[in-house]
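Alright, structures below, take your time with them.
Look for subunit A in each of the two complexes below; its partner is subunit B in the first and subunit C in the second.
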Partner chain A sequence: MTMDAQKHQPMGWLIGAVVGALFLLLPAMLLAAESVSPEVQFCLNCHSNKTLELVLQSGEKRSLYVDVDSFARSVHGDKLRCTDCHGDISTFPHPTRSFKNLRQFTLAYYESCKGCHFDNYTKSLDSVHYAILSKGDLRAPLCVDCHGAHDVAPPAVPRSRVSRTCSRCHQEVYRRYARSVHGKVLLQDGNVDAPVCADCHRSHNIEDPRTVVFHLKTPELCARCHTDEKLMAKYGLSTNVLKTYLKDFHGMTASLHKREQITPSAVTAVCTDCHGVHDILAVKDPSSTVMKANLVRVCQKCHADATENFPAAWLSHYEPSPKRAPLVYYVKLFYQIFIPFVVLGLVLQILLHIWRVVVNR
Partner chain B sequence: MERQSLDQTPRYYLRINLYHRLLHGLLMASFLGLAATGMPLRFSQSTWAVELATAIGGFGAILFFHKTFAFLLTLCFFLHIGAVFYLAFVRGEIGVFWGSASMVPQPRDFIEMFQHFRWFFGIGPRPQFGRFAYWEKFDYWAVFWGMAIIGITGYVMWFSSFFGRFLPGGLFNIALLIHADEALLAVWFIFTIHFFNSHFRPEKFPMDLVIFTGKLSDRELQEERPAEYQSLVEEGSLERIQADPPPLWLRNLGRIIGFSVVATGFLLFGLTLLAFLSE
Partner chain C sequence: MAQAKEGYFTRFSVRQRLEHLLIMVLFLVLALTGFPQKFFTAGWAQWLILHLGGIDRVRWLHRMSGILFSVVALEHGGVVLLLVLMKRIQLNMVPSKKDFWDAIVTLRYYLGLSEEQARFGRYDYRQKFEYWGLIFGGVIMMMTGFILYFPTLFARFLTGEVIPAAQVAHSNEGLLAFLVVILWHIYNAHLSPDVFPFDASIFTGRISEERMEHEHPLEYARVVAEKGESASPEEIADEGSSKEKSDEPSSE
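Right, the complex of A and B next:
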């Protein structure tokens, strides 16, 4: 950041900076900033001035004001000095820096966090956000876009904060999520068992959810909660959902798709294809896509000419039993007995045959 | 008989004609293909299944090859049915349906099976088998029945939208179950029982080449099918089926194909058995 930019850079289109009445404001700031370190106090001599701002090449203005209270309350308040992040500004007057626009300004400090948060920084390099950033789309969120800069707070306190953070860009998805069974219980009932965005999408290494690879991983993803006996018991939900899925047409197919190198043009249905993604509803909800009355329409998404008979093939995640799908159960039982019986019987005959030949010798 | 035992070069007789040998080849190739592309689906939770599917080219490729082999096996099935009907109704050889040359179980088959077990326990002589022994007929009908059952259920799933118009949807589950388990039985049956009965029997070990060469030596015919030999001699038609000895290249080709198929079969048997036991 450049103070007195006009002096160093006479070209008016360059950086403009407002030089405040630096030392005049000192006493006022000392009052506000009790809990921050003396080094921070030093910077605040100027940066507590609300009118302090930087005019960028684009004409945009960047406020250089730092709210000392919110910084003091932030997770870094008692830990970091200004220069820990703003390592390039250790002297006063500050060295000359020029920024094209606001986004460039934010980008310039993008790598500040990795000094301490190297783990999450490297994870973010694998994210879809970084992928679009590296393609030159500067709208991609940087650390501070989600976490804030001077006011960094614990990201998941309260838990719903995570999803609200994402909603700043992904408004439409958030709107649908808020109406879903997961969103409703969290946002309305404050039930922290419900997943937030990051539980499925992760937080730093956010994968592109539009890929076939992600699609095929969905069953594992949902299963993290939906096979958790303790968690599901609370809501009277079955934990057999994954097992029964994997034993059925779609699950068998999905398992074989898993390791494919070439992206298949169409892959089998996973959880979200029938239940919905962000707008997922409780299966008892009359408007749920998997409600019996609605099911054929879901089948028709892939099986275009499916008739009303067709969805009956689906056992609704029930394991066949004498009560539920008895025919399937008994046919299965028959083969479980019949196959070993036939094979072992015939193997016995072979052994008798060999035994006779050996004895005769 | 006295004269022949002194003879250095054995005589050969035709047992399986070219049409049946080629049809068996088609059956063998398509069955092997169906097993290799179907068993990964039956045991889709096994690592080897995913590896095998990936090696073949993914699920899409598996499905494509499975359907191709299914079509070939269906063709094989109908070529056989066609040949049987041609023999019976055009050539008038109604004996294909009943009699000593028929695949249909005869009363003597049950007697021979009983005698065979008496022989196993050392309380009776070895039965005098005819052209087809009871276990060969069992083999035949197991495959025949299997093709019908697995074929019908397979086509129901292949054209599920069509069959869904008039069949209750619940039948698709039954179809999948029957298709997969009947196929598992078929795979195990062919890769153990059929392999043993046809090739690893102590009399034949390690391989009976008759399915590739079509020819049987004089000694084999007399020892293994004494009843057939007897009736051929009595009818005086032994000369009619006498053939040249199978050429070496054909025997070697048979060995190469035979051992490759046996090895592949054993591998699939082992993998599916392990997966079945850990289910």
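Right, the complex of A and C next:
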């Protein structure tokens, strides 16, 4: 009868097929995941269940719910299938796996990313984070701790997102950064010229910033922006800062120590020692460490016996001129004239002597 | 004429020879450790600093040599002052009007304007120029060197700007001293046709009678007159070295 009915009611068959198809596609459609692949939809048959969870050995519970919406919006939404990362779970029922605790669960999938992101994975092996992880500190961040797992989004959109990501662990540093000249203009004014954490510390191969090597690299880091004519012109900042620093005692010492690769007996001052690190302020800011009134205290960090006169020994990144540092300027000028004068005089007399000796022969 | 005169005069005392030797060695060490600092961006300078054991050690060497240089300078100044006060020496090294005219006469001779040659005393004007150049240059180097060694100390009673000024002065004065030594001293003591290849008297303390008569005729005449014609040069020499007679700041 049904066959007959179908035969005699072709419209009814069509409606039935459409309804059937709709029914099959319903879970995916309801979840607005038009871009995820059928395989993902297959997994979602279970994993869209919000109550689905795994109890770990530690008693902690790990939710196995996947928000398909946020996965679909993620950078991987239209690219990856579940098994691309969860390669160990390609069959149903899933093979039994047991995890000690939540962190072990995350660690188990730590290496999933390297299949595609091998360069960043390799870089991260050189990072301070990996160093502490390999020493057994499981608090060290893994890929997903910064990037997220199913909801991976472009890490620097908006730009301030980078620093906010770091702030999840480095709250205190972030607090200081947010008050600094760099943090303020980015976080408050949305000025994307300002550096975020990763601009100085890098993102995957993050070095330990407490080492002498990193310390001596600081001028190079700051100089990447502070010698950029175009960028500095926007803010009326001098690009001579690196040149004048390197010419001076501290800059000379730092650049030689850096070359030597010997741990120096005492570390010389770099940009951040005077200007501050995360809490760096504009030099015009009255509370800036390099404000004239505050400078002697900065000098005293290394030169304990420095007095009020001492900071004037530093020409504040200016080249000596008759207006700025006239004493230095005129001493320099004197020798620029005096040395050629003396040397030419002596050479002339030597040449005349030789000439006379030749003539006498 | 030369064969007849084979004797030697004592020209420099042991103290003077020792002072010269010390200053020479210290000058070389100071130059060797100073120039790489002045030209630290150059490849050769960085190579040298690296092979001397790093900038910290180079600075240490430079400062220690500077201190020793200052000690020799103080010793020299002190001894000369003492000898002058004791009237044991005459101020042979003090520039005089005659030196000025000697320079003019010599230049005229070099230029071929005149055949007249200046007759020098114990020290000719070139030697005096070099001596006083070393004294003044040395004083500047020591003063600025100690300012740079102890910047916070000097900033207690001087404006801080003195420190970068001292740095510029130290660096340039050092270059000047080096150029004078390389050009003028090396020429006069080694390359000049008069002494080539090596005027050894500052090391041996002796000068040949021939050179004495030729290069310091007035001194020669004075010494010979003092001792009388009968005295042999060797006797004169012995006498000269036993007393602190021969000396730098000494002339009538």
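The rule we apply is simple: the second predicted complex is superposed on the first by the 299 of 361 C-alpha atoms of A that agree within 3 Å, B and C clash if a C-alpha of one lies under 4 Å from a C-alpha of the other, contacts with A are read in each partner's own complex, and residues count from 1 in each chain.
Simple rule for what comes next: a contact is a pair of C-beta atoms (placed from the backbone, for glycine too) under 8 Å apart; a residue touches a chain by one contact, two chains touch by 3 or more.
These numbers were taken from a predicted model, which means no experiment stands behind them.
Contacts of A:T307 after superposition on the shared chain: both subunit B and subunit C are touched.
Touch criterion met: A:V357 reaches subunit B and subunit C at once.
Of the two partner chains, subunit B is the only one that A:K258 touches; subunit C does not reach it. Contacts of A:Y109 after superposition on the shared chain: neither subunit B nor subunit C is touched. In the superposition on chain A, the residues of subunit A contacted by subunit B and by subunit C overlap at 246, 249, 252-253, 255-257, 259-260, 262, 264-265, 303, 305-307, 309-315, 320, 325, 327-328, 331-332, 335, 338-339, 342-343, 346-347, 349-350, 352-357, 359.
Residue ranges of subunit A in contact with subunit C, taken from their complex: 246, 248-249, 252-253, 255-257, 259-260, 262, 264-265, 303, 305-307, 309-315, 320, 325, 327-328, 331-332, 335, 338-339, 342-343, 346-347, 349-350, 352-357, 359.
Residues of subunit A that touch subunit B in their complex: 246, 249, 251-253, 255-262, 264-265, 267-268, 303-307, 309-315, 320, 325, 327-328, 331-332, 335, 338-339, 342-343, 346-347, 349-350, 352-357, 359. Within the complex formed with subunit A, the residues of subunit C that make contact are 37, 40-41, 46, 49-50, 54-56, 107, 109-112, 151-153, 155-156, 158-165, 167-169, 172-173, 175-176, 179-180, 183-184, 187, 192-193. For subunit B in complex with subunit A, the touching residues are 40-41, 44-45, 49-51, 53-54, 57-60, 62, 117, 119-122, 160-162, 164-174, 176-178, 181-182, 184-185, 188-189, 192-193, 196-197, 201-203.
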